[in-house]
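Look at the two complexes coming up: chain A is in both, with chain B in one and chain C in the other.
Entry: the complex of A and B
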């Protein structure tokens, strides 16, 4: 403490910067800020939010920020589940996109029955939602059993549903492509008369529940303990298999909510093309948030920020008229850069350089 | 002299299961689906014709998996190879050999860069190769958005050429004897399988792959350069992805952004069915060959049964994958006891 007091003010400034830059949310937040600034630079009216009217005359919020918050919903919800899965099982669930296809298929079948253009909903929406979540949780439980009980690597275990999921979704819909009536669309777009997009409200709800769950229960601590060391957590009285299984079921529940929002957006589902490649985006969001993909870290805030960062990037590239198929190039470059600066080899390289320069400057002082 | 009876190793056991499963499925398909073309000899060769590229790529993945790593960029690099080779063949006067060299260079570049990041920077293989996959597919879109076809007479001549197999063939409905045909790509694929088998069994490099994958700590203590071995595995996988991508082009003669989607997962599942453990250290190239053939024949059977629903092939494939993964897990846990 006393040492800090005698430091000159410039050095204290440096140390404040150092403590900030050492914070685990520094890289994700800094990157998000950088992207937002870039966006403002590219498109001056980026931050403007206005109250407009949709085709049926209801008030709606319009603006780039609203769009980003709206479109990132699925990514955020999935990133929450993926953080738990990654932390506890030291691997990723690559079946989330396929499972969304299953969930969407189930929801559509429940709502539309066997008709392609039903004039009314065949079942209450809440029932469809619950059955969709149940489908997601069953898929999660399947993955969870394979990972926790049979001790299969998560990526391999989820490869099974990754391969089959979209086909199962198509089977659940009976090969039809039904379109539900527009009242189902409230959950993916706007509730008439209320200007904020519903997905944003759903995101806030899910994030709040997650926050409470992490604060009030030992969920975060236990998943981290299992991820850091399976065996020692068992010696401490935890049941690693149960916790891993639970993480996958929670992931399934998240997939259920995301699938519900996604299928409500256009009120129809094409299982083969719904949310293409979202599993990779979700994993990327988790990695962007500063979570180790090797397990053992639960940085939930980081993952959520990572998801928004990714959505900001995607929408920025769309603004710049980049072909949708070429967007992955930029994502790839960013993944590599972000992961590379977090690797021990690069970190050592820089800290060694700093040490060497310090030694040289000290020697210079001594000789003087 | 008495020979001590040795219990079969994991590799041998898993290999036996795969090969016997393939033979059983093939015989059953001949018995029950003979009228749908399964009794024809050409059917057997078609299995190779269709899957030549996948065989080569799966070999590369097996090697990476034996070393305890993973590479999911092969689908992306295949798409990139196809599109860039076609653009060069059509517009820049490339011929067969320069296109082949271009394909190998692309494959090796992917392998070398990814290998460097994984081995020397110690980044996670999944993330690095995921970026590779994004990069490959994205670059295709930057080169050419639409689907394109090869428009190069000499290349098409070579690609359309077939080997006539002597003395083997089928008699068609009119009673005319038709010789069985094999594409040249299959010959390359078989050569690759044999070379890789030799490499893994007989050379220091191949043995060090197994050592690093089995236990990298003890491999280090044995004096194996673990980092270099990992790098070499990815380099080799990149080379094989280059060859495989070229064979893919050789077979399809077209290129698009969505080409070879899910090829990496097909290759991984073929390796797993063939008895390669993703944890590393266990695997066999011939197993991989039979893994490709088994999933190929199952797909053919499901299509031939004539179910109108388009979802059965993938579901069957996943069910088969599930069976093999659980089987592997049971074998491993029994060994641990």
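Entry: the complex of A and C
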């Protein structure tokens, strides 16, 4: 008893740790921190950020963290949409990569017309952006109708665009492979004179809009309710079909933005190789964020952190000079570990261990 | 209640005898000292209301649940048998065909007949198909062996399931509500098959809610109520009214029933809140007229499956309305969705709490505000503080026992879950509140609380429809009862007519003066 009185601060520390560790963002954040520490360990200068100059002499921020934040943009934006899709329709949209090819194709066609190397943009960039988003949303609406109205399993429904999307993207460009002038590259790289990569700014904007939308509308509540029990949601005055449809259209909008950023990075689009396999990374980000892939949870912050975690992992493997062909294997191994830790079986195992060790240490104290 | 008389006359050894069966679940005595006897070539109905113990008895017999006490004898085995699993039951010749088809719809009829019945690696499907053809023909089942099962009608699928059971040498065939998704013609076909099996000496246990069908096909009836045996009767000895009385647990002429007091003084306020004219929906309920007045508690009475819930679901827009009109305070309204009904001031607590009521993983607070939130609209969410205030108000008002408003509703007890759903609808301040079996599966204390609440709401001017399988509850709370049988409204009882006898006579379809 007296011993307890001696160390109240550690006791409090333990209980604070307990509350923190129960927070729904604890595991996603812990993963990210762990990976960052690992990176620092591997490469001591990992956290350094410096101001350099690009080829045209403009100031730019350089550093691993900047690269991660920059390169994760598409993943983060797509993870936001995917979280809503997963929560409401209890399934995933696997067509996002192919739909980016469509969006990219539309944008390039709008900007370049029928020329391969136009000397000037054929249309305002804003128009290309809007049409790109529209293309994404039309694809989303198509998926949404199949899922919400015809009640096709999300993975089967989105398999259609997954299969056809890249060809449609190529057709949208008229079979050409145009390259737009470099001023279109501002959105995927830097705005001259401004050192922060534009994609990071776009991410901040999208995340901010998402935050406001979740705060100011019932997006979160409705998607969760529908994902948990759509029968009783209907009897409570919600329209499950409409909500699922909406989630897919929002997903399409996210694809539009991500596709715009991606096409702007190199000002050209190869629909057959653009963002290969990104759909699986996006789904993983959602899972890593602590969302149930069976629907009903909207842990948006978790998904975003999950996206950054994956990007950190990819970048770490690059730093380690892992052969590009072997990267997926390493990724897979680490992801299995990350996901396994979150399963109830492992959690219970560790909490039991903790209890046992606590008992042992208590016994030790008593005997001492 | 001496039931030994039957076998003395026949001198025949029963096919199946279940003696003094006991089974408890935590907090519930599901079966107490239940006896059941089945003879060869007999179609024996097992009747009872919800919670009577029919399905528990069947699950004990088929090895799904282990029994706590009692013995099961099967003809040809001289000691009591222990049935440990459904496979075990098969070995003893007991097969069950459930209401939902448990076959594989993607396989052919023949494959469904033979799959999983032997461990041979190589199967001669040609031989199997011709054997299947023989079986189907013999039993008069209109299906081809090579036809995919999902292409057959539900009735044929059910028949295939029966054929499978029969071909596996079953002596006891249990049909658990096989007719609930069949139309009249299909029922006739199924009955033909049942008679064929009967002539072969199979003993059939028939579980159904439909009185007509039971009288059309069965030889004997065993009635259960509240986990206890009420008795075993020959069908011809038990008229409909008596059967209904036995199922509901009321002796005829038992008028010692306290008629409620609170309602009659509401009669003067005759403002019609809601009125239906020839309303029918795609659930099959036949056109019905109904009126609910301000400050009145109405009820829909009838056996399970009689259409009680279907009526109120049509009013709330939960099922698609196919015919008829709804008028609210005299104005015709077009209710095509629950949201429209809610906006017209209707609230609906559904019968199946788990499937239609709660949203399990959402918190108590979110469950309480959900309906009001849906009415307010997508772009106008309540702040957390507002929602918390609503939740706190109703948690204390209805005395909901929960750790906090953040607790997921699924972790609450049944009664408290029901109160959360009640809170949800009270929060919308409806003019007309429908409570479909609000007291099902909850403890006595909460039942009484809910009934009192209903009366109080009515006295404050709300019009309430209260549906319960327990007739006493309805008599205690309702001032007018709509009586239903087989999806038809067959009567309306009010004032002094509201007695258990009259209700039972009306349900059974017998002239009440007799």
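Everything that follows uses one rule, which is that the second predicted complex is superposed on the first by the 329 of 368 C-alpha atoms of A that agree within 3 Å, B and C clash if a C-alpha of one lies under 4 Å from a C-alpha of the other, contacts with A are read in each partner's own complex, and residues count from 1 in each chain.
We take it that contacts are C-beta pairs under 8 Å (C-beta built on N, C-alpha and C of every residue); 3 or more make two chains touch, one makes a residue touch a chain.
It should be emphasised that the depicted structure is a prediction, and the values quoted were computed from it without experimental measurement.
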State whether A:232 touches chain B only (first), chain C only (second), both chains, or neither. second
Regarding the shared-chain residue A:221, is it in contact with chain B (first), chain C (second), both, or neither? second
Can A:269 be said to touch chain B (first), chain C (second), both, or neither?
-> neither
Of chain B and chain C, the partner touching more residues of chain A is B
Figure out whether A:300 sits in contact with chain B (first) or chain C (second), or with both, or with neither. neither
Based on the superposed arrangement, let me know which partner A:336 touches: chain B (first), chain C (second), both, or neither?
first
Check: chain A residues flagged as touching chain B and also chain C none
Residue positions on chain A within touch of chain C in the complex are 216-219, 221-222, 224-225, 228-229, 231-239, 296-297
The residues of chain A that touch chain B in their complex are 92, 146, 150-153, 155-157, 159-164, 166-168, 170-171, 175, 280, 283-284, 287, 293-294, 323-333, 335-336, 339-340, 343-346
Touching chain A in the complex, chain C uses residues 316, 318, 337-339, 342, 348, 350, 355-362, 366, 370-371, 373-375, 377-379, 381, 424
As the complex stands, chain B meets chain A at residues 70, 117, 120-124, 126-128, 130-135, 137-142, 145, 257, 262, 265, 268-269, 272, 278-279, 309-315, 317-319, 321-322, 325-326, 328-330, 332-333
